[in-house]
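After this come two complexes, each holding chain A, first together with chain B and then together with chain C.
And then the complex of A and B:
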């Protein structure tokens, strides 16, 4: 009898918990389709982390974030936040700390904000434009007198100078990346900063482009707080970078509110200096910025559909279905494909040391045979411009970059793909033919077979690389695919001081996106031989391409200021790139995916929204796109 | 009593031998994986760096910090020394967090999800199994096929079905997270309620699968025992039905208890599928990230916990068996 009672009890518990659960169902959400099974790992960094149980900042007032005061994100934070130290790149704190071409500026601020739509920089901490001296060796800018730290003290030129000195002293990634181009940064007076370029033997700046990019790419940190940190770690460089810096002083409009395994929340600093007339004239609209930590893209998409995410920075497969089929108030920057603005060029690289791939004919034949429309339709679900819309070059599809080269001059070098006959002819003409009749061509008497590879789990890249392999079969070259784990892949591909091992004949890597040094930076990434021999090469030219002519152009461009000359030089670089085919772009990818759900907030950036300067679709956090946070309004005020 | 002592010491010896072997494997196996985890950290540091010497300096700094530049045997002795002090070092993939911090943050979610799910699944499954064996007939005819069906569903299939049906379509339950997307953890009824609600789908996705397997196993064991000679003999002797059921239950339970112990031992490994489908916090996805990222210290620490828990569970079972079932002790101490 005991048994029967027990079963009854269990049954009761089951029913009770199910019923209770049902009653407590969240009253949100609109109709949503089955979660997309497409796992799209490209934005999920391999070294993403699980969360630190950081103590709740004991919210005194709100246990629940008011929906109409909170802007929710996805696709930026994968795994939990590790720290708040703006000197370190190991914080896994994507929303708060991300320095670079379009630096994320919700907590820490750069002197200037880069706008990928018009290629201009706009002052943030800085007051007015920067100026170069006549010799082009020193860049000067002033700081806004209104700019304040979160502790109320003013942001001074001394802070800018000390930030740089600290980067150099502790050999931070930013220090190491710029020390070859920046000699020093000094404070002339409390408001005036001079960035001194490193000079070459001729007394010219080594690279004025990179010097200018510094002021829109890197945060200014407070000298006083930096000294506190230095004292705490006793000048130990490793400890300096490993410090989680919970006490950090910041100048931006948001700071830490809460972080744990499940989410990270930033709260507005209502004393933010930028609400004054010298900058924005008001506070950003949302009081809280929150990012729930999803474990994959499918979960993120489901939350976006449910209205639990306002701004989605992740690949949502077939994004148009969200409004066309599900009738949700969801939209992208452009209403039609490609839905966003392509900024980077995911590219297949050739290992130029593989037998046969040292031949231009072979490289070009494979590249022109590839079915790019299939890659764009399947791997990217049309969230990329096609190569008919934006013919290939070294430039991304933004207007600014497209204007940098002479389209007519390179037109007959460009290809849109699927040219199997052309590819066969190229190979035949080069004498690379099938002489033993087995259906595969031979090179130097050996059957041509290559391995095309990309990281496992990066489903759009995997789909793309399969299409490349299929193209090989069409033209008599046996290309098989292999998908190692990212941890292995990245170690192999970035080791440029030894030849690439077997299995890496054709491999994928991303490219630089939009930024103040582009398209020069991308051209350098694709073609510069200066990276050959680096033990940890995250810069480019992974396949070992060398062309002195290209090197000379890449060397010369940063110092060139004449637009006509620049255009000529870029056109020449594109010509070399499309002729030699050291690598070939497979698709265009936006700087950030930017899909918004307007159930709660509206007035997000869209193409032709009338903002001037235009607010780029970078999730209202990166570079000039943070201007969008000030434009948001509630759907139901 | 002497028999027990000999049985016990024999088991203890094997326990220690297994522990040492497992400990060695825990250390060496992850380190035999291809790929250089320090390179991954340097990758984060070195993005955009163009000077060779700078990258090399960073690389050396971190190989030294993590000790990966030392010969393997030296690393091992360092590891042993640190582990004995309870120090598992830094996690590579989540540097500068320590392994203890990473595990400490997720393990409670995992235990809170797995332990009740395993126990409830086990209890319901076994009860249903015994019932099916006793009652036969219609009950059995329905239960058996449905148990086989459910237990053969892959875990992710069950999780996705629950998610789509109860989360997306019916909207009875939230689709992701350990608590409300708009909540900050605190000790309020709202928050506790939110945790309970978010708990349901991951919990049942594990329980339902467990029930099926347990029910099938228990049913077979019970049927076997019901036909055993001692049952017939007991009936013939006129022993009360209830008492016979007691004998049967005790005998049929033995393998099921082993299964339970193993499940509890391995539960720290995490409910990977439930965690990923429902974006539920826990150790499973942490371990997956660690494995993919070659995070040796984290892999070694988590596998060591799993190993120790399985060994303890096994050891405990062996000892309890000695008392529960004299046959086993007799066979072992011969």
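And then the complex of A and C:
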């Protein structure tokens, strides 16, 4: 009998492990762009029917939103919303609070909106363009008199000034990032704001580019509400940033309607000031914006296929199958590959302290041997322009940035990959050869072996790193791969005050996307030596590259206003970058993925949609792309 | 011993299980001798190529050409690019563009195409048409170009000035014999998300998974056996303390333990055999308990007492007087442990805690990558279904063998 029991128990174990295996959909996501996407893995399942307990407390119809008044999203919100505090960076409230180059403006608003397609900024809270004074030290803009808070009071210059003062006072990430460049923001009169740049010894603005970027990247918050919050927390900085701010006053067209661990819903403010003629002239089309919190990418894709998601900010591998094979009414910004507009440059960095990688020949050899077409076709399933279409530089594939450098001048330095013979020759010429006949080259008598790495679970990056490793084997350099967890990876890679540990010879990090300071910001990220020695360096140059010439150019560009001179300087930077190869870009990646299902809504932004200025494919929420929310119409009105 | 084997092979269940297992084993051993490609080579530029025979287009142009006049060839060519849904969609567009419905005959391809090319305008905005639909019509329009063209396709090459010169033609009735094309690649199971040949990878993965299963199974059985024998035979305080440890492991679900250990080892150190060892070290508990109870029932038998009286050593008694009596049982436990080990590896890898990716393929890793690239959602069955089938077959065959053996050796079950 014991035998039978034993067999039964082992059988049970087998069943248990099978069940566990089956339930354990990959605890990872393919969205390499967003760190929170990796941390979200273990959230509760989020089908529509989940969490009935909370429903009781919520508005009666939160679970039965009228489909033809609701725009559904995926890929932005992983895990439940923590708070609504626009000063804090730990709200986990991606749809409402996301400040940056393409700030998300459904709830809080920036003075200006950046449009990644034409590189221009357009006034939102601001009235007309901003102006610089002749000395280039002060930026002045006016506020629209129509701009109102959700409590009906006008948005004033005092609000803008107090927002900045609060960022500095509580040392928020935004305050810390800008305090070296912005001296102060003051209200001249209720409608006029002056942003005073920090000046260097010569009396010039330290960085006018970053000063100008501030007004399109950061929200304006109400002074009165901020003071209420301060009074509530008793000026305690930690409590100030930790406050969930359910009572927050906002100026944007949407606000909180409902949030729990299954979804978050925003409802239109029908008194929104922007419906006046001074801004949009009407209200945005959907009454509700809803984001169901999906367990993982696969669940999000299934919902997109079923028409339960209208706008998808997810990496859907082989996205073209959704319309070619499944005949679904799904489309992307471009009808053919690469389907979106590349904006950032996921890049493999060399640790310049690794033995051998201090040699330009070695770095260039590995970089030119890599099979980029395979990375783009397999890892990105063709959702990236190829390096034949957009040859490598420091610029992203948008027209604006591509026009910033002289293509002919750097053509000889660019490479499209797969150049195994060229790479071998480079190494042979540099004397890095296989002298003991074991098939691997040696440098200073030591066999060359490197570890190429990227975070675990970021599948497109992992696949790309595998291809890099394969290139090493082709040219006699032993490259193996390793995928540490993101929590470990990020602390190692961003610690620039000590040399990188073993196992980080070649590693991947993303780059800046599109924004008002680009491509300068990206050039700085790739090459500036100012970041070496920082204990927590999220800015760039993770491999420890130093070139005084490049530093000088990066320093000089923000103050330069002559376009011809700028082009010359950028060309020089690209030349240095492609000659020294401190890192090499593996693919182009969109600012955000933008796949839409036209089962309910239509007239989403797409190439040649006739909008002027063009609406960028950023999910109708980021920067100028919010203009798209006003163009939506129902398929069956 | 010989008798035992003969007995085992009289059980139908055992023979079936054994044959399936041997078949898998044979494929794993023989396949690499025939197809010598390394299993992890990326051959496809693109993901999830469908199963099929891939014929090199460039080479087939240079291969001997034959003319075959096949009936219905034209119709098949048209049907491949213009199906009934497409025809209905064309009618819909034409009606929306103002063509009277009576003028449209979707069954008459030449007429339909003529009308279509005359009317279709990609820039025309049809009310209520979505962008996805507009893209569809643009694609359809492109694929219809030259559909009914009876002319030969022209091969051209650049001359010295770079101008195109006709060098040959291909008629619509030209065929090549696949056997005469130098480069033909059979991909019976297509390619995976990395562009690797799934069959080659699957065979290599099965081999590694079997190895993992064997290592894990042997480790687990060995630990369980040693602990069970010692604690069962010696008894007393040794038994109590060993059983204390065993009970501790019993209450912690071994799969949870497995996950925790695998996670803490870290991805860089997780080779296939580390994972096998971890599985082995977490799954010995039931073997230990079962062996112990068998030994307890054996230790006061007459022949054991006789041996003890004759002054045989502890080691010798356990080895000669106890082990042979539970040997059949241990073999059965081993079989189950091997199968459980393979399943555990698959479970771990699906969770992303399996062996690191680059070095060797395993069944679990193949499933993991197929899921990450959403093969199950996009209907790329060849990337995951064969893997599931192999795992199921291995587990099935081993369980069959086990049940077969049980029927032979368990007196309670014997006919």
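Everything below uses one rule, namely that the second predicted complex is superposed on the first by the 575 of 637 C-alpha atoms of A that agree within 3 Å, B and C clash if a C-alpha of one lies under 4 Å from a C-alpha of the other, contacts with A are read in each partner's own complex, and residues count from 1 in each chain.
We take it that a contact is a pair of C-beta atoms (placed from the backbone, for glycine too) under 8 Å apart; a residue touches a chain by one contact, two chains touch by 3 or more.
Given the structure is predicted, the values throughout are model-derived calculations rather than measurements.
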(message) By the touch definition at the top of the document, which applies to A:302: first (chain B), second (chain C), both, or neither?
(response) both
(request) Determine, under the contact definition given at the top, whether A:530 touches first (chain B), second (chain C), both, or neither. (result) first
(message) For A:485 in the superposed arrangement: first (chain B), second (chain C), both or neither?
(response) both
(request) For A:331, select first, second, both or neither according to whether it touches chain B, chain C, the two together, or no partner. (result) second
(message) Looking only at contacts as defined up top, I'd like to know whether chain B or chain C touches more of chain A.
(response) B
(message) So in the superposed three-chain picture, is A:561 touching just chain B, just chain C, both, or none of them (first/second/both/neither)?
(response) neither
(message) Is A:318 touching anything from chain B or chain C once the two structures are fitted on A? First, second, both or neither.
(response) second
(message) One more residue to check, A:100. First (chain B), second (chain C), both or neither?
(response) first
(request) Using the superposition described at the top, list the residues of chain A that contact chain B and also contact chain C. (result) 3, 6-7, 10, 14, 17-18, 20-21, 24-26, 298, 302, 484-485
(message) Under the stated contact criterion, what part of chain B meets chain A in this complex?
(response) 34-37, 39-52, 54-59, 61, 65, 91, 93-97, 101-102, 104-106, 109, 120, 123-124, 127, 130-131, 160, 163-164, 167-168, 170-186, 188, 190-191, 193-194, 196-197, 200, 275-279, 281, 283, 285-286, 289, 292-294
(request) Provide the residue numbers of chain C that touch chain A in the complex, in ascending order. (result) 42, 44-48, 85, 128, 130-133, 135-136, 138-139, 193-195, 253-255, 266-268, 283, 286, 289-290, 293-294, 329, 332-333, 336-337, 339-340, 343-344, 346-347, 350-352, 356-359, 368-369, 371-374, 376-379, 395, 399, 402, 406, 410, 412
(request) Would you mind writing out the residues of chain A in touch with chain B in their complex? (result) 3, 6-7, 10, 14, 17-18, 20-22, 24-26, 29, 32-35, 37, 46-53, 56, 59, 62-65, 67, 70, 72, 79-80, 82-83, 88-90, 92, 100, 171, 173, 176-177, 179-180, 237-238, 241-244, 257-258, 260-263, 265, 290, 292-296, 298-299, 302-303, 306, 308, 484-488, 490-491, 494-495, 530-531, 533-539
(request) Over in the complex, which chain A residues touch chain C? Could you list them? (result) 1-4, 6-7, 9-11, 13-14, 16-18, 20-21, 24-28, 30, 297-298, 301-302, 305, 316-318, 321, 323, 325, 327-331, 335, 371, 373-374, 377-378, 381-382, 456-457, 459, 462-463, 466-467, 469-470, 480-485, 503, 596, 598, 602-604, 606, 609, 635-636
